[in-house]
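Consider the two complexes below, in which chain A is the common component and chain B and chain C are the respective partners.
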Partner chain A sequence: MYIPYVDIVPQLIANSVIAGAIYALIALGFNLIYGTTKFFNLAHGAVAACGAYAVFAILKTFALPVNIVVACAIGAFVAGIIGYGLERLIYRPLRRRKASNMVLMVASLGAFTALQAFIAILFTSQFQALESSGGISGAIEIYGAIITHTQVVIITCGIAIMAILAFIAKYTLFGKAVSAIKDDEEVARMVGIDTDRIIGKVFFIGSAIAGVAGILIGFDTGIEPTMGMNLLLKGTIASIIGGVGSLYGGFLGAFVLGFAENFGIWKISGEWKDAIAFVVLIVFLLVRPEGIIKK
Partner chain B sequence: MYILETKNLKKSFGGVHALNDLSISFAKGKLTGIIGPNGSGKTTLVNVLTGMQAITGGAVVVGGKSLHAIRPEELPRLGITRTFQDVRLFEQMTVGDNIMVVLTARGPYAALTERSERKREERVKEVLEKVGLWEKRHQLAYNLSYGQRKLLEITRVLAMDADIILLDEPFAGLFKEMVKVIVHIIGELKAAGKTVLLIEHNMDLIRELSDHVIVMDAGGLLAEGKPDAVLARHDVIEAYLGE
Partner chain C sequence: MEYLIHLAVMSSIYAILGMSLNLVVGYAGLLSVTHAAFYGIGAYAVGILTVSHGYGFFGATAIGMACAALAAWFIGIVSGRFKGDYYALVSFGFNIIVFSIFLNVQSVTRGPLGIPGIPKPEVFGMLIRSNAQFLLLAIAFTLATYAVSQWIVTSSFGRTLKGIREDEDALRVFGYDTARYKRIIFVIAAMLAAVGGSLFASYISYIDPSTFSLNESIFILSLVILGGLANVNGSVFGAIFFILLPEILRFVGFPPDIAAQMRQVAYGLILVLLMLYRPQGMFGEYKL
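== the complex of A and B ==
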């Protein structure tokens, strides 16, 4: 018996998992920062783009003779440093002045715009490829689904980073200190936790993860200065539907979003992808605003 | 010898003077009961002493050092800790982790790599066994009963081993058995030479536990002295009962 569409299902599943892994990388960093500081760091998307452009600068602009993995590590480090810099230079002074979360969010929007403009000034606004001759190319086939090596790396990174963060959260004192700050920052300070230092590290780690996402997407689909906005939107939606501020929630929400988007366009135009993402968001806000993982 | 003093301490909220030129002293190693009617400024005093609210005027002297501003993160260095009238725990953490996290001393790079060490685990076990919460160590603080929450907050104080301990109504809403447990813990703190400030409305407990009593009214000092003498004063009774 001939079953229509069966050929496309494995590819749709693969695409969903790939999209989910990308969104997870953004959502993990975003949720880590949101969970600790309780404000929407809109600059997160632009920080991801910074990571991608740092690798572009190393491999293309300056054509430095470095291994691709080293270039990616430097790119993630650059993103981490930029995130940490934003915390030190903008967010921390604002928090000291008792700025509300709304003020912090507006400041992060300013940082987003500035970073995006800065990238465009340095690298032009045009779309560019990040592929590397000696890097990750080729593809594999699983049950009829074609997955490029870059996409395999994306999925692996998404899962590995989630596992590492879960380990840190559960078993290290740094993870416990982050949990304490999430619950009650004032009491955390009172009992001797150096909240500024911990939040600084959270920004570094969360931003470096965003950088990894930006770099991998760059290798997969290319880069442009505005790439951060789409990443930010999808990462934020994933966070909200999964449970904003929750590590596991962001991860789960990312895959729910990936599957919803890719299966949503099974029979309709791909142009609907973003609309589907926002419909899912609105449905969750109406039906389960606290997200899949409720505190 | 006084370990903690306030010098003309002022705290205003708009036009309301919650602390009004308050100058009081707390003797080292003694338990000072702080009483006064609702709104007399007792909790504001504790909030100002622990940096939860900014000082409007005057100073706080800790161990001979005069401070015009206190930040919560300075408290461990100053040797001060506190409990809250409305218990504040790390709700989404386990009972064990609530204690573990206050035992952490972090260097610049240690926090990312250090693991829960045996020494810390032993200390967590020691304090939780002392108060009878060891069996609950894997439970989230959020799921504890009201009495257990109060107890865990005091256990955190024990674990921190601070010299000056501010207890804001630790017995409020507790049943008899739990009151006994907390009285016992406070007794141990006194025996260990800690300086304790105890805000409490139960006069029997104030009589039983205090070495010295301070009575506050309208943000100022109304009376102070030995518990029996102070609690027998007509103006103190009047302030409390509004006669």
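== the complex of A and C ==
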């Protein structure tokens, strides 16, 4: 099939922005957590899947008569609680023991594997759709690019959550405490910040955002237990190329990655997306390891 | 009986993979999650060369080892610039890239269709027919890998590696080219993994990319950590344990499809518990 040059570019841009918004949601939570604890929380992807499956359970498995927005809020809350639980049960005891980053990372990898398989046991490992009768459907067209309403919600959420986080970081006591822990946890504790409580909250918020990302993906393309792996890898890459631990960096990195992936497959098969993402990561690590936004 | 033999063959293949990865993770202290890529290179070399180019098993295995060595040398140059968790992340990336190649270069690998009909090896003019005979071959390869691994870790080369793991800067001060040591052990481990791959390909007689995904690398890493870092025997134990685990789960009464997922839950939880209570693994000598 011949697709004329003029038609495909707007769609590629639209796809890049959509992908960027999804990756941004993952990267924002991931970076928030990384900023305070300084380790790669690989369970983040599985937490996103948990959020999506919580919504699936509410709308499909039990068919509860709740509004779709309420269901999503509950899903995000569930993801947040799971993230918080991981922090309390696994990461905090490890931090107390002064475990290295690698130990924390391997532990989170274990948590990731267990959560993912657990979802598969509860909901089967099949690919399932999340949309419901009360859901959002339809699409809009901008300069020849087709964007579904779900995808509009994705882009809006990405930007809105970024703005909210930026506001919290700048104008609230909590945000200041987080940035103090980012700089030096020991010193933060010395000046009277309850670091464990703050980190617990950070895990809850970061994981809830991941849950939102998982839910939105679910409405956009569908859900499967292994969806977390892809989300996690892309979110991680986005935060690293943007500048790991930095709020704006993760956001920017996500869109850079979205564009790189979608324009990268302009001439070749879409199956190469993941490989392109990692090539971008490795090039960035070699050339500019501190990310786009330097700390 | 036939089934026990099957489990034994799989255990020896994973023992080879575990022992070789342990050289990198346990002895050199590099958290590599790329092992399935080299495993796959070995498997694809045997699959492609024996099915469509008329090579014998051993010739194809040798070429597979050479390819894995070449890939590992290149990957080692790039990833050698990173440490700790960044190293792990970059190694994730290389696994995904190699996996994408298996999946997408369809003219060579047939992509998701996989390569069926891989012949059994021929030893001294005698074709291996039964699984029992194959088990002997697999055990021979496992023993060879065991001997190579033990030899490496007890040699001065192995002691230098342990030194690098404990304090790389100190070794560099003494004039050791530490990057070269790490690259060499990475290449050796990749070649041994390729052997595991060629055994797997000719044993199962069918390969497709899904066997060599990132999850497989994580699985191999888990068995190494369970068995114990920097302990060759530990990896053999880890391999046998993880191959038998689904059988135990099935014996306890889980249906087969849930047993497969339960295995994943189990090895995820085992990783978490080990990190919490015994970060060096069962018989390990080194903590991450």
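One rule holds for everything that comes next: the second predicted complex is superposed on the first by the 291 of 295 C-alpha atoms of A that agree within 3 Å, B and C clash if a C-alpha of one lies under 4 Å from a C-alpha of the other, contacts with A are read in each partner's own complex, and residues count from 1 in each chain.
Keep this in mind: contacts are C-beta pairs under 8 Å (C-beta built on N, C-alpha and C of every residue); 3 or more make two chains touch, one makes a residue touch a chain.
What you are looking at is a predicted structure, and each value in this text was computed from that prediction instead of being measured.
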Partner chain(s) touched by A:Ala99 [first = chain B, second = chain C, both, neither]: second
Contacts of A:Val191 with chain B and chain C, given as first, second, both or neither: first
Between chain B and chain C, more extensive residue contact with chain A: C
Touching partner for A:Ala180 - first (chain B), second (chain C), both, neither: first
Partner chain in contact with A:Leu115 - chain B first, chain C second, else both or neither: second
Chain B versus chain C as contact partner of A:Phe278, first or second or both or neither: second
Residues of chain A at both interfaces, chain B in one complex, chain C in the other: none
Contact footprint of chain B on chain A as seen in their complex: 171-174, 176-177, 179-180, 182-184, 186-195, 197-198, 201, 295
Interface residues, chain A side, partner chain C - complex: 39-40, 90, 93-94, 99-107, 109-118, 120-121, 125, 229, 233, 236, 240, 269, 271-272, 274-275, 277-279, 281-282, 285-286
Residues of chain B that touch chain A when the two form their complex: 50-52, 71-73, 75-76, 81-82, 88-93, 97, 100-102, 104-106, 108, 111-116, 156, 160
Chain C - residues contacting chain A, complex: 31, 78, 81-82, 84-86, 88-90, 92-94, 96-97, 99-101, 103-104, 214-215, 218, 221-222, 225, 258, 261-265, 267-272, 274-276, 279, 287-288
